[in-house]
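Structures for review follow.
Shared between the two complexes below is chain A, which has chain B as its partner in the first and chain C in the second.
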Partner chain A sequence: MPRLYTFLKYFFVVLWACFVIAPFLWAISTSFKDFNSVTGGATYIPWLQFEPTLDGWSVLFKPGSQGGINIIGPYFNSIFVTLTASLISIVLGTLAAYALSRYTFKAGIVKNNDITFFFISQRIMPPVVLSIPFFIFLSSLGLLDSLAGLILVYIVLLMPIAVWIMVDFFNRVPREIDETALIDGCNPFQAFFKVVLPNSVPGMLVAGLFCIIFGWIDFFFAFILTFTKVQLLPVKIVALNSSITPWWSLSAAALVSVAPLIIVAFIVERYLSKGNLSGALK
Partner chain B sequence: MAKIILDNIAHTYEPNANNPIFALKEMSLSWADGGRYALLGPSGCGKTTMLNIMSGLVRPSHGKVFFDEREVTSMITEDRNIAQVFQFPVIYGTMTVYENLAFPLKCRQFPEDQIERKVREVAEILNLQDYLSNRAKGLTADQKQLISLGRGLVREDVAAILMDEPLTVIDPDLKFRLRRKLKEINDKYKTTLIYVTHDQNEAMTFADNIIVMDQGEVVQAGSPKDLFERPQTTFVGYFIGSPAMNLYKCSASSQNEISIGAKAFKVKTNINSNSDNLKLGIRSEYITVESEHSDNSLEADVIEVEDFGNYKLITASFDSLKIKAKVKRELDIPSEKVILKLPAEHCCIYENNKLI
Partner chain C sequence: MSLLLNKISFKPTEEYHLNDISLKFDSGKMYTILGRTLSGKTTLLKTIAGLQTPDSGSINFDDTDFLSIPVWKRNVAMVYQQFINYPHLNVRDNIAFPLKQRKMDENLIESEVKEAMEKVGLIGFESRKIQELSGGQQQRVALARSLAKKAKILLLDEPLVNLDYKLREGLREEFKKLFNVSDESNSILIYASTDPLEAMQLNGNIIVIDEGKILQSGTAKDVFENPATAKVAEITNDPAMNINKCLIQDNSLIMNDSVQIQIPDQLKSIPNGKYLVGIRATDIYLDDQGFAFDVEISEISGSETFLHLRNNNLKCVATIEEVKTYNTNEVVKINFDKSKIYLFEESGELQHSPYQ
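Let's look at the complex of A and B:
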């Protein structure tokens, strides 16, 4: 029985791994094909079944005048907007979450849990509901089609994630650690910055990972709130599409755009284990 | 260091409720400078609330707290200069053991050389000197608790060290040594130690003064001997001592005599009450096994004799009452009937559960 169990376990793990890796292999092979190789039936092995070409990749880096889309500018825009908005969201979200976890707020019938829910509720609404208010809001501030405007909107979208994760994290951190710091002679701010915060790095990294993912993949708001001056990667990639779908350059673009997330995920992965999230202090 | 006075303190965690439940009912209590106290009581009796009021983590709903002449009721924790150790180890996981121990001194901006001297001294007391450069996170639970304890000990000038069941996670042998260490520290530095526990042995062996609490009230404060010999309430009699005090419903037959059912017993207490809620209490340690009947003796059926190595515990029944007697191990106990004597001088009489 245990042998069968082990066999089944590994069988499903391998199956799952193939399921996850297959699209990447498919995209990698497609990105090196040209029109004929893509339309001429399924082929997998370069040089043997099809002649690899860099056409798909070169389109991404050529300027528009040479028929390319030049994703370098939008790529760095995306990195800048995502990182800045994530960072600000984590800082504000952590502070808000700590307050919500440790202090009791009461305004009429509104209590801590309602405030937490208010944050999360921002993510419940379909994005299209927010599009017109955001558009009017940014246009009245003169921030349409600007990096600052996008960062502002992304903070609104990402902070609920940070608050949600961090409230849960702080709730699992025993109150005694704050109290001990107070007894040891810290004021509440020192207790937070010297003791609680250094111990909360795993939680913040996890919250950061989610913020980065959600910020990085957003197409909708980047599409609506920018025009020509500022463009983000997802919008630029979609612009690749034409009457004949260029699978080769779309595949290359997909790989380029997913790479940063894979790198971030590898860095944060070790903090995702349960032990690091719960009882990080005891 | 200071004398701590709790003046008409009471606390409820639901101040806005119509009929708030008081975790701590109104009481006044003072803790002498340099004393060694144990706060003893079952879980949920208000011990921790009382500690938190002293350390300033909880502000009492009523009453005032004084350190010597100075009122500190509304003073924040960090200004009170008090040390508190919690039941479960609280360590600063990102710091080394040395940094953990130095933290209270660093926060108070002590000079570096003084910090180093004090940290090494405390580390030696707690056998942590080999771990000073290790990360605190990787240590065992009892080592972590030693760090918590150490952070309380590095400051010599604290008003008191409050310990909330600090040795729960520590293994018995080390527990014993640590209790002795704490006593030594108290003798050496004259630091007031207040030790919360629900383990009576821990309280008895550690403290000069024991404060017994129940349901938010102090039911008795006194030396271990007082608590053992003259429990002020049936609760104390029941809670302190192992086995618990023998307690029987009784009625007064004359001023110095009570009766349990048809059997009369002489007592030293002057009973002037006709209350129908009288109880006789006697410690199992004071009940003796006799070979023939005399005053205050009774014949009981032996139910069980347990050998605990250093003593024997007899469980016997008399008129459907269970009597427990702790006797010397060498004593031969008859297997069926035994004559037990309840010495008059050790009989405590309780009216409405309070000692007369």
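Let's look at the complex of A and C:
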């Protein structure tokens, strides 16, 4: 029976791995094809089944005048906006979450849970609802088509995620740890910075991972709130589309844009498995 | 030096968590707060530590108004029931944390930490991570941290309950030694416990608390021999003292239709009327000539067997000095030591104790 279980377990793991990895392999092989190789039926192995070419990739780095889209600028814009917004969201979100988890707030019928729900409810709304207010808001601040404006909007989108994850995290950290720190001579600020924060790194990493993912993949707001000066990667990639869908360069662009997320996920995952997420705080 | 609690009350909801508590703790002495779960023990300790502010009353330590001093300046130490340490620090840094916080000299910290670690037997574990320690060792770290502080007030909130039986016995022995050591440092030691046996073994002053109210305080011997009320008798005995209604009439003590005894000599002077009769589980023994009771539950506890017995409306628990399995509804005949009978007024106050 255990043997059957092991067999089934690995069977499904392998099945799932294939399911996840296959599109990547397909995209990689497609990115090295040209028009004829793509439309000439299903082929997978370079040199044997089709002649690989770098055309699909070179389009990404050629300037517009040579028929390319040059993603380098937008790439760094995306990295900068995502990282800055995520960082600010985590810092503010962690502080807010700690307060919500440890202190009681009351204003009439509004209590801690209502405030937490208010944060989360920002994500329940369909983004379309926010598009026009954001547009008017940024235009009145003169921040349309600017990195600062995008960062501001992304903080609004990402902080709820950080608050949500961190409130849950802090709720699982025993209050007695804070209390012990107080008894041991820390004032509330020292207790937070010297004891609570060093033990919250795993939670903050998870929150950071989610912020980076959601910030990085956003197309909608990047599309609406920018025009020509500042462009983010997802918007730029869409510019590839023309009368003939260029599958080869789209594949290349997809791989390039997903690469940072894979790297971040690997780093965070390694740290998480090393750092005993919540087991440390039994 | 002494710690004075004066009419402390704390009522966060409809119920009192602390109800008009006045206590005096002298330095160099040990106090055990004995009470059931949710009786207010932890709240009382937290109030002394300063983690909770009472609604009314005052706390004075050495002529200073304790309530106006925030937690982090009170110089108390506390060990929790859960093993609370700083997971991001290793054993040495955990113990040194409060000393570093006090900006003590590095060399002095080193020697203080070493001394505390020796006391609790953690030498060799200095650079271990907290997560790499067993529960007992984690609790030792917490204890060492509170000892290293040399605080004037040491609060221990059921520090042994979450440990397994053997470790608990071992650590309790060490506790007693540690307490003797800390006597020299003239600190006040307050130990909260739900376990009457533990309280008796620690053999300090016992404060019995229930529903946020102090029911009795005194030496272990005094509380054991002369419980002030029937409630105290229940809380301070394990298994709880059997308290049942009874009627004293015409020289007989009537518990129900079938369980009646001739009034023992020492109770002759007690006027007729309704009382509560208290009999310790250990004072009940098997006797073929005794009263017939049905077994409701029998549980084996170490070398003894606890029998939960019933005779109509009369219920009692008996400790039988042997290990034997009894079936439910089996009839056993029991008797009790008539010289060890307690009598309480119907309202609960002690009327007669065998030790008077």
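One rule holds for everything that comes next: the second predicted complex is superposed on the first by the 272 of 282 C-alpha atoms of A that agree within 3 Å, B and C clash if a C-alpha of one lies under 4 Å from a C-alpha of the other, contacts with A are read in each partner's own complex, and residues count from 1 in each chain.
As a working rule, contacts are C-beta pairs under 8 Å (C-beta built on N, C-alpha and C of every residue); 3 or more make two chains touch, one makes a residue touch a chain.
The structure displayed is predicted, hence computed values, not measured ones.
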Following superposition onto chain A, is the placement of chain B relative to chain C best described as a clash or a fit? clash
Taking the superposition as given, does A:N199 touch the first partner, chain B, the second, chain C, both, or neither? both
Can A:P174 be said to touch chain B (first), chain C (second), both, or neither? both
Who does A:A99 touch here: chain B (first), chain C (second), both, or neither? neither
Should A:D184 be classified as contacting the first partner (chain B), the second (chain C), both, or neither? both
What part of chain A is shared between its chain B contacts and its chain C contacts? 174, 176-177, 179-187, 190, 195, 198-199, 280-282
Any idea which chain B residues touch chain A in the complex? 55-57, 76-78, 81-84, 86, 88-94, 103-104, 107-108, 144, 148, 151
For a test of understanding, state which residues of chain A touch chain C in their complex under the given definition. 174, 176-177, 179-187, 190, 195, 198-199, 276, 279-282
Contacting residues of chain C [partner chain A, same complex]: 46, 49-51, 70-74, 76-78, 80, 82-88, 97-98, 101-102, 130-131, 142, 145, 149
As the complex stands, chain A meets chain B at residues 174, 176-177, 179-187, 190, 195, 198-199, 201, 280-282
